[in-house]
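Notes follow once the structure below has been shown.
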Amino acid sequence: MPSKKYVQGMQEMRKHFGDAADQWIKVIHSIYPEFAKVKVEFPFGELYSRDVVDDRTRELCTVAALTVQGFALPELKVHMKGALNTGSSKAEILEIITQMIAYCGFPAATNSLSAAQEVFNEIE
Amino acid sequence: MPSKKYVQGMQEMRKHFGDAADQWIKVIHSIYPEFAKVKVEFPFGELYSRDVVDDRTRELCTVAALTVQGFALPELKVHMKGALNTGSSKAEILEIITQMIAYCGFPAATNSLSAAQEVFNEIE
Amino acid sequence: MPSKKYVQGMQEMRKHFGDAADQWIKVIHSIYPEFAKVKVEFPFGELYSRDVVDDRTRELCTVAALTVQGFALPELKVHMKGALNTGSSKAEILEIITQMIAYCGFPAATNSLSAAQEVFNEIE
Amino acid sequence: MPSKKYVQGMQEMRKHFGDAADQWIKVIHSIYPEFAKVKVEFPFGELYSRDVVDDRTRELCTVAALTVQGFALPELKVHMKGALNTGSSKAEILEIITQMIAYCGFPAATNSLSAAQEVFNEIE
Amino acid sequence: MPSKKYVQGMQEMRKHFGDAADQWIKVIHSIYPEFAKVKVEFPFGELYSRDVVDDRTRELCTVAALTVQGFALPELKVHMKGALNTGSSKAEILEIITQMIAYCGFPAATNSLSAAQEVFNEIE
Amino acid sequence: MPSKKYVQGMQEMRKHFGDAADQWIKVIHSIYPEFAKVKVEFPFGELYSRDVVDDRTRELCTVAALTVQGFALPELKVHMKGALNTGSSKAEILEIITQMIAYCGFPAATNSLSAAQEVFNEIE
């Protein structure tokens, strides 16, 4: 039986990603159930479900953070959708990616820009 | 004579960092003037002076990004002050650092937490 | 009242770090209690308390991982003590750091080597 | 004529990777022979051939290290096979990847989890 | 109307990349015009157009830097062409990649080696 | 008795760093002799002693690479001295650091700029 935190985490995930949340966790669960468990319970059941910062700001911060990492493109694309679903516009996402040039340089920011285009194309 | 973008950049920097902006640039200028020039003109004269995203959100995103890098502590401390000056609370900064655990793990996030404490101590 | 996972996590931490565990969490708690909570509950109450891999191997893997990051020196020093406490020798720690040269190059590995020396000096 | 260290390195590599070792070096040699030479001589002829730490622990530490880097997927997949060949189980590899969430966050760990699945599928 | 710095930047880019410069910027412009603007104006209109260091050395330094990042392969491939166009040989590029093993380890350097092979194949 | 490659490596190191080479290796040797051995034999006895690229270009590339890493300040300071000793000027070093802003952003480049100032102050 899933923990209370798991149930809360899945609810939080669906607020950010819609049905894609269940799909994402199903794939991870098929590889290693413990990974899927902590993926739901820790960031979404614990961190994101606290109301100190609103979901819209949280998702933009995550887009910024994953942009500077440079290698986090699959996770970044999920959170770009999360940013759109929590009230940010495409222009705001593109602007934050552009701002990140100052903190990670062009190569990582360009990787993120390409990811944004793929996400926007998928959605249309 | 400073470029139009430099003047605009210094104004933007003072909005974020107060008098510390001039101090910061003076130190960098004494090491290499060209570095100081692009530090003012590019992020602040160009990127931050655009109004697509508000300054408060921009500074929180920068705090998130510098947290995941792990090594950017001097710059991170400047932007934590920028976050406070543009309307974020200490609690919001600490919450974003905590959220970043999910994206960079504990070591980088703990480096950032220590930096936050130093900033809060300096201010008091 | 602390959660069951928190209690379990503190027990696990004391197995790895002795009394230093309580000291470490107390410092973090004084900055942001939520950060301290997840620091205990997630890696130690959840990940390390699973018995699929023994503690000795886990701590050496963490030393390897923090070595390649290059910037994680405060956390790395804690886990070097954890490695010693869970049955690794100084020679094994130094050998793993040396092995990591192949994966992160000399600069990050040399940062880790200096950290090891500080830890060994502290202990004596 | 290959150096003594090169011969020793190729023997060590075959212990870890079987026939895939020769294939891997052949590809690198076709791009730049000097790179292939140091790839064999340095990590395998020098570092791995020392007996301070056993091969099984070494390979798990390498999997941990390459997981936190986030971008090292081709090399990581080779060392996941090395981990299996030196006595680790799939469950141990997946558990170490999951442990690394605490040190590199979910994006890098998820990249590694996907790589593990590809390796396990290839093997079957 | 493009700024003076934009015009100067496009001229500099064409010196490094030939017609591919216009193609590269066109793709970025179609995703976000502001990103394309600063991509031309800042590194090429400002940094590269200064004559303190010659273009050949600048491009090799950029190849070195992008090699150690590990994740910057699309940008790295562009600058490998830039290195060839500004007077470096294939052997020099391969040698710098090999030198970088000492600073970033084999995984990032091997990613860069594969990128070099793709670039050399494209050109022939 | 030291290997032929070790002797060659120490000669190469003294060409780059003067007497500081012996001092540097002595410190590392006191922590772990095997680390010191490979530090001399691999980058300096093997990589730098090849004549495909001249020492001046090699050292500038290393300064570029360590700048983008952000965390490699002790090693970076050694190679800034190596760059000066192999014929680069202070201005060229500062210019390459400034160029790197485009590839790693301001935080890492600013760390490197501060390191450069420390090196220049030490030398005077």
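A, B, C, D, E and F are the chain letters, set down in written order, and residue numbers restart from 1 in every chain.
Here is the rule we go by: a residue touches a chain if its C-beta (ideal position, glycine included) is under 8 Å from a C-beta of that chain, and two chains touch if they have at least 3 such contacts.
As the structure is a computational prediction, the values presented were derived from the model and not from experiment.
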Requested in this report: Determine the set of chains touching chain C that also touch chain D.
Outcome: A, B, E, F
Query raised in the report: So which one's got more C-beta contacts, D-F or B-D?
Result: B-D
Query raised in the report: Looking at CA centres, what chain is most distant from chain C?
Result: E
Query raised in the report: At the interface of chain B with chain E, does the proportion of residue numbers present on both copies reach over half, so same, or stay under half, so different?
Result: same
Query - Length of the line joining the C-alpha centres of chain A and chain C, rounded to whole Å - result: 28
Query raised in the report: Which integer distance in Å separates the CA centroid of chain A from that of chain B?
Result: 23
Query - Numbers and ranges of chain E residues touching at least 2 other chains - result: 34, 38, 42-43, 47, 50, 66, 68-72, 75, 95, 98, 100-104, 106-107
Report task. Provide the residue numbers of chain C that touch chain E in the complex, in ascending order. Result -> 68, 100-107
Query raised in the report: Quick one: in the complex, what on chain C touches chain D?
Result: 42-43, 47-48, 50, 52-53, 57-58, 60-69, 72, 75, 91-92, 95-96, 98-104
Query raised in the report: Where on chain B is chain C touching in the complex?
Result: 69-71, 94-95, 97-98, 101, 106-111, 113-114, 116-117
**Report entry** Footprint of chain B on chain C - complex, ascending
**Finding:** 28, 31-32, 34-35, 38-39, 42-43, 66, 69-72, 74-76
Requested in this report: In the complex, go through chain E and note every residue touching chain B.
Outcome: 34, 38, 42, 46-47, 50
